[in-house]
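There's a structure below that I have some questions on.
Per-chain residue numbering starts at 1, and chain names A, B, C and D are given in the order in which the chains are listed.
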Amino acid sequence: MGDLIYAIELLTTGVFTGLMYSMVALGFVLIFKASSVFNYAQGAMTLFAALTVVGLMPHLGLAGSLLATVAVMCVMAVVAERIVFRPLMGASQLTIFMGTVGFASILEGAAQIVWGTKPQGLKLDIPVEPLKFGELLVSRQDLFAAAVAGVFVGALVWFFRNTRTGLALRAIADDPAAAQVVGIKLRRVWAIAWALAGAIAIAAGVLWGNRIGVHFAMSLIALKALPVLIIGGIDSVAGVIVAGMIVGAAEALGEGFIGTYIGGGVQDVMAYIVALLFLMFRPSGLFGQSTILRV
Amino acid sequence: MASGSAPESLAQPAQRGGVFLSTNVIALGAILILAAVAPAVLSEYWLKAILIPTLIFGLAAFGLNMVTGYAGLISMGQAAFMAVGAFAAVIAYGRFGVPIPLALLCGGALSALIGVIVGTPSLRIKGLYLMVATLAAQFIIIWILQRVPWTGTGSFATLNTPPVRIASWNLDTTADRYYLVFSVVLLLTLFGYNLVTSRIGRAWMALRDHDIAASVMGISMLRYKLLAFLMAAFYAGVAGGLVVFCWTGAASVQEYELEISIEILGMIIIGGLGSVLGSYLGAVFILLLPILISFAMQQLTTLIGHSNVSAAVLANAEHIVFGVLVLYFLVKEPHGLARLWKRFASWLDAKRG
Amino acid sequence: MNQLEPRLEAVGPSRAWLAAALLAVSAAAPLAAIAQQYKGEIVFPMMVTRTGPFATAATGVSSAQQDYFTLLNMKGGVEGFKIVWEECEFEYKVPRALECYERHRGKWKIVYPNSTPVIFALADRVTKDEVLAINLAGGRADSTDGQTFPYLAPVVANFWAQATSTIRYIAQLEGGEGKLKGKKIAYIHLDNDYGRQPFPMFDQLAKQYGFEWKSWPLSWPALEQSAAWVEMARRYRADYVIGWLYGQSCAVPFTEIPKVGFPVEKYIGSLWCGTEDDVVAAGTRANGAITANYHSVGRNYPVIQELLEKVHKTGKGNLETERVGSSSYNRGIITAIVITEAMRNAIKTYGAPLDGKKMRDGYRMIKLDAARLKELGATGMMPELVFSEKYHGGMDAQVFQKWDGKQWTKISDWVRPYDDVVQAQIAESARTFREQTKAAATK
Amino acid sequence: MTPQVAGPVLRATGIHLSFGGVAALSGVDFFVNSGEILSIIGPNGAGKTSLLNVISGVFRVSHGEISFEGRDLARSPAEDLARMGIARTFQNLALFKGMTVEENVLVGRHALMSSGVLACGAWWGKASGEEATHRARVAEILKFLGLWELRHARADTLAYGLQKRVELGRAMAVEPRLLLLDEPTAGMSHAEKSEFMSYVLDLNRTRRITIILIEHDMGVVMKMSDRIVVLDHGVKIAEGVPDEIVENRDVIHAYLGEQ
């Protein structure tokens, strides 16, 4: 097959994969926007959500279990706010980060106790055969995932622009103290942010579950989201999507064209290399707000 | 020991007058004596499974504390630097017959060099961005270590160290290895303690607290930020070498994955940012707590009997207990165990004197 | 931060006490646990992984061993000695494994971590402490040479045997080694000791039979393989893909294979992707998946039946009954058989109590030939295993199996490795190992 | 202390500073005579702090020349400032919050100390000796400012006025020949102000330290300044001894215009 088709195929595969990363990254962005904290537990939340969905499916069916899981994640959000944020309010960023590490450990333990360590299949009934455009193959699964990601981002952008909570979140991100003065309830908003992050964890969990199955290692997917954050700009919802596609594309093309010459496996680091380049030349990411020095 | 503003308020007899020994001095003395006689009184298990790893990771944590705790630059690549040190050291010793002390230095030096490179973004970026930059370094370093055909053993990815010996000293007993670890750690801890209490440590803290004011005082961001990364990486590198020679006897990238970096970061956060003592307390906490918990669980199982309780549930419960304890201590003392100890010591001093 | 506070808070030592107490306890606990003594019994410490990414398969293996021990104990134990096992959870992490090893120091009979990284990390210690560390179908391939590695053993189908037997299987599918000429074999693998050991075998055989091969390394967790698959299938146009993955990465290919339109029957997984749990995650997409295995799965072997009858029916089972006969379960049983045979030999020769060295010798006396397997009711479930001082096992055939959506079914006979190639490599590798250690020792 | 150089120690000519098109300073010329106190006044946003920032190398001039004791200042980075003998305080407190009072002041000695990593770590001869001498000097400063009792207190635990004083001490520790003070008494009570200014005067009179002072309190300015420079919208509108300035129409207009 011609190099062009090959490149295009890599590109499409990559971009779609990248959108899946974006889904996970969105969770980070939300928490970060709300509390400028890096939530290490996002991966564990994804695992937790996916396991819950799969666990409940036999009893409630997909739709039912999704709804139930939303409820579960909301409870988790409140718990997170209570045991991580409220007690650590005002502590240093690093301390709160460590708090989320502890929380992740709790989630992973709980998830495995409740649902067991057995890997599960989570199959949305979408035909596996790819669509054929001439020589070019495009996976229906990926198309679907991309669509979901798109919807979520659209919804989130809208949420931040037009809802009171969304605006509150932005206000808090800008200046927590001031936000409190104007009577925004930090706790409530944080809980909401976590709940939203939970919802995203569900979506990401289901999509990834459909792709690679539901299994403990799922919590590791989160790591791939970090480069996406940097490239997109840690506080930009829209940026995350574009960044996701960039990362995905870079991975695929890197693997396909560079990897061949240095013995493959480039895919694993490509994301981070791209992220580093951005940090060097555009530290605030594609859409992030750059901070101005003040004396 | 160094004069100057002492971390965790080490000996301050002058203030109290007379020959009053502050709790810290007593504790320090006790620890040193115990550590020195440990092999005589403690079992293999204690040396191999508890003391040696705790000392080694404490050292790595102290290194990280210099860059993150003192200079205020988050780094998530400490494990990768350990890996560099581990491979460099074992290759220097195993393949080129470099004597162990020098091999350890080689490990530290190479790692330090890479540390400087990894540190360069810190001149432009801070906080989470720096965190991810160092995270990227973690992955890229490990990846390179995997890719470069290190081993003379063809298809293996792990490098086993040849029998460990320094000149005519054959380190075949655990005690020998413990003493090597202990002396290296003691040496580097003293060195680091002096460093962080000297003008250099002050320069780091100044940059951390107000970089512009610091530079107006004549502190070069370039030099001191990179120096912080260099020292952190050096300590990690030496620690990595110790891992190979005195603990696992093999260098393999799988032992230096990201989660180890996060554990080391956890050590200094739990133990206390910008505190020498905290680095080691944190290592104790992060390394020994899971073991302690698993012991408790083991006792529980033998108590209830294997059949009555699902071993799986217990194994997973360990995660929950660990997470809860981490949160508990963070909430109780956000400034870390070192601060906790300081309170305790001064409370005791007040009681005694 | 490292300063004295303006005024030291005199009160609030309670927290400090708590911290001190915690540290003290964490210090004291280990001693307490070592204390227990068992009389007239064989204390058998086990390293287990019941949590984390590898828990499921590992759990199957360890619980199956415990089932088998239970069965023997019901029948009066090994030569009259009951087996009492103690678990030590190590979460598949090397540091935790080392801690476990030290925690049960002096009590080990045979160390079976079921983890190649741990075997590499333990190599020095077990050799010094004279305790045999085994890793069925894993560990160091060259530890088949019992003289160079007196305290390591792959027991069955070492990595080089696995690799070559897989190539022989492909040759069979193609209709003879001659047909391999010009064929393209893509090798997608985890980039670690496990995934790399086949390299020299593929090189050698590629030279012999004129096929070409290429490596696609992946770093753990290897959950993202799409680009690699596009490349292998659409550009390299591989005739076969051999996959040496582990854990969840085993399920990923079955998402990618249909995407790139690669025939699933041309993808052959290693035996470490050969358990049920490795494919269920892929759901129906994994139907038709082919992997190797070093044993046969299922329940229709006397020993498994006996376990069902005596252990599970009586509620003494150590894991869910539906998993009995699964691949990981049978692996556990085979492990248990090997271990208990070693115990039996050791007791017969030296008498109780057992220690690492006696067990090692017992292991070297193992003679699981057709007759013995028949007695044990394991005929056809596992290959015959006969060990010696020189030979620690590993030169074994593989069977190949297909996943039908519910279970694995054998689709081949036992496929031998290319013994000469493997032997040569073992000799060569063992020699370099000896030289290196000797060279350094004299430096 | 420092030998008094005749004539201007610092001379600035045609200083332009602009952020992305917006001019903060345009064509400012002025000079400071050795040993005098020069006040820079002007309405908010006049560019006073910007001027201090370009002198201290925090901002880089767009163009223009600044020379201190004949050495080019405009193009030298902030890091060289201390070694040149210039120290400054900041408008908003810029203490090292995590460090003790003593350490804060010790940082001021940084440029005067020279022992490197190995020396500091190994703590051999030079490093320890150096540390001791400089600690002694810092002790003097702390006692002079009446901070000795608080030396072990964390800087951020002190009252505002004290923190300002620590910042002054940190600047003193540099042993500067030129001291830049950016609204040092802002937000102080009247008592605190006069106390603080007595320290400043003392520095100027007894230690002959040249001082550039930015100050809003006209009373203070008139009492202390030898000369005054008035800025408005980044342009120098007046310069002279206090009596001239109070007469100056533009100045009055600028201030009235502001109110």
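One rule holds for everything that comes next: a residue touches a chain if its C-beta (ideal position, glycine included) is under 8 Å from a C-beta of that chain, and two chains touch if they have at least 3 such contacts.
Fair warning: this is a prediction, and the values are worked out from it, not measured in the lab.
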item: Far-end chain from subunit C, centres as C-alpha averages; value: D
item: Geometric centre: closest chain by C-alpha means; value: B
item: Chain centre separation in whole Å, for subunit D relative to subunit A (CA means); value: 49
item: Length of the line joining the C-alpha centres of subunit C and subunit D, rounded to whole Å; value: 71
item: Subunit A and subunit C, separation of their C-alpha mean positions in angstrom; value: 34
item: Centroid distance [mean C-alpha coordinates] between subunit D and subunit B, Å; value: 41
item: Residues of subunit B whose C-beta touches two or more other chains; value: 5, 143, 146, 205, 212, 273-274, 312, 316, 318-319, 325
item: Touching two or more other chains - residues of subunit A; value: 109, 112, 117, 263, 265, 268, 295
item: Touching two or more other chains - residues of subunit C; value: 1, 3-4, 50-51, 55, 59, 191, 217, 219
item: Of all residues in subunit C, those that touch subunit B in their complex; value: 1-4, 8-13, 15-20, 22-23, 25-27, 29-34, 36, 48, 50-51, 55, 59, 66, 85-89, 91, 94-96, 98-99, 101-103, 105, 117, 120-121, 123-125, 128, 140-141, 191-193, 196-200, 217, 219-220, 316, 318, 429, 432-433, 436-437, 439-441, 443
item: Touching residues on subunit A, where the partner in the complex is subunit C; value: 1, 6, 9-10, 13-14, 17, 109, 112, 117-123, 128-130, 137, 139, 141-142, 211-218, 220-221, 224, 251-252, 254-256, 259-260, 263-265, 267-268
item: Residues on subunit B engaged by subunit D in the complex (per definition of touch); value: 2-5, 191-192, 194-195, 198-200, 202-203, 205-206, 208-210, 212-221, 227, 231, 274
item: Subunit B residues touching subunit C - in the complex, by the definition given at the top; value: 5-9, 12, 43-46, 48-50, 53, 93-94, 97, 142-143, 146, 152-158, 160-163, 165, 172, 196-197, 205, 247-250, 252-255, 257, 273-276, 281, 284-285, 287-292, 294-299, 301-302, 306-307, 311-312, 314-316, 318-319, 325, 329, 332-333, 335, 337, 340-344, 346-348, 350
item: Of subunit A, residues touching subunit B in the complex; value: 32, 38, 40, 83-84, 87-88, 91-95, 97-99, 101-110, 112-113, 116-117, 223, 226-227, 229-230, 234, 262-263, 265, 268-269, 272-273, 275-276, 279-280, 283, 293, 295
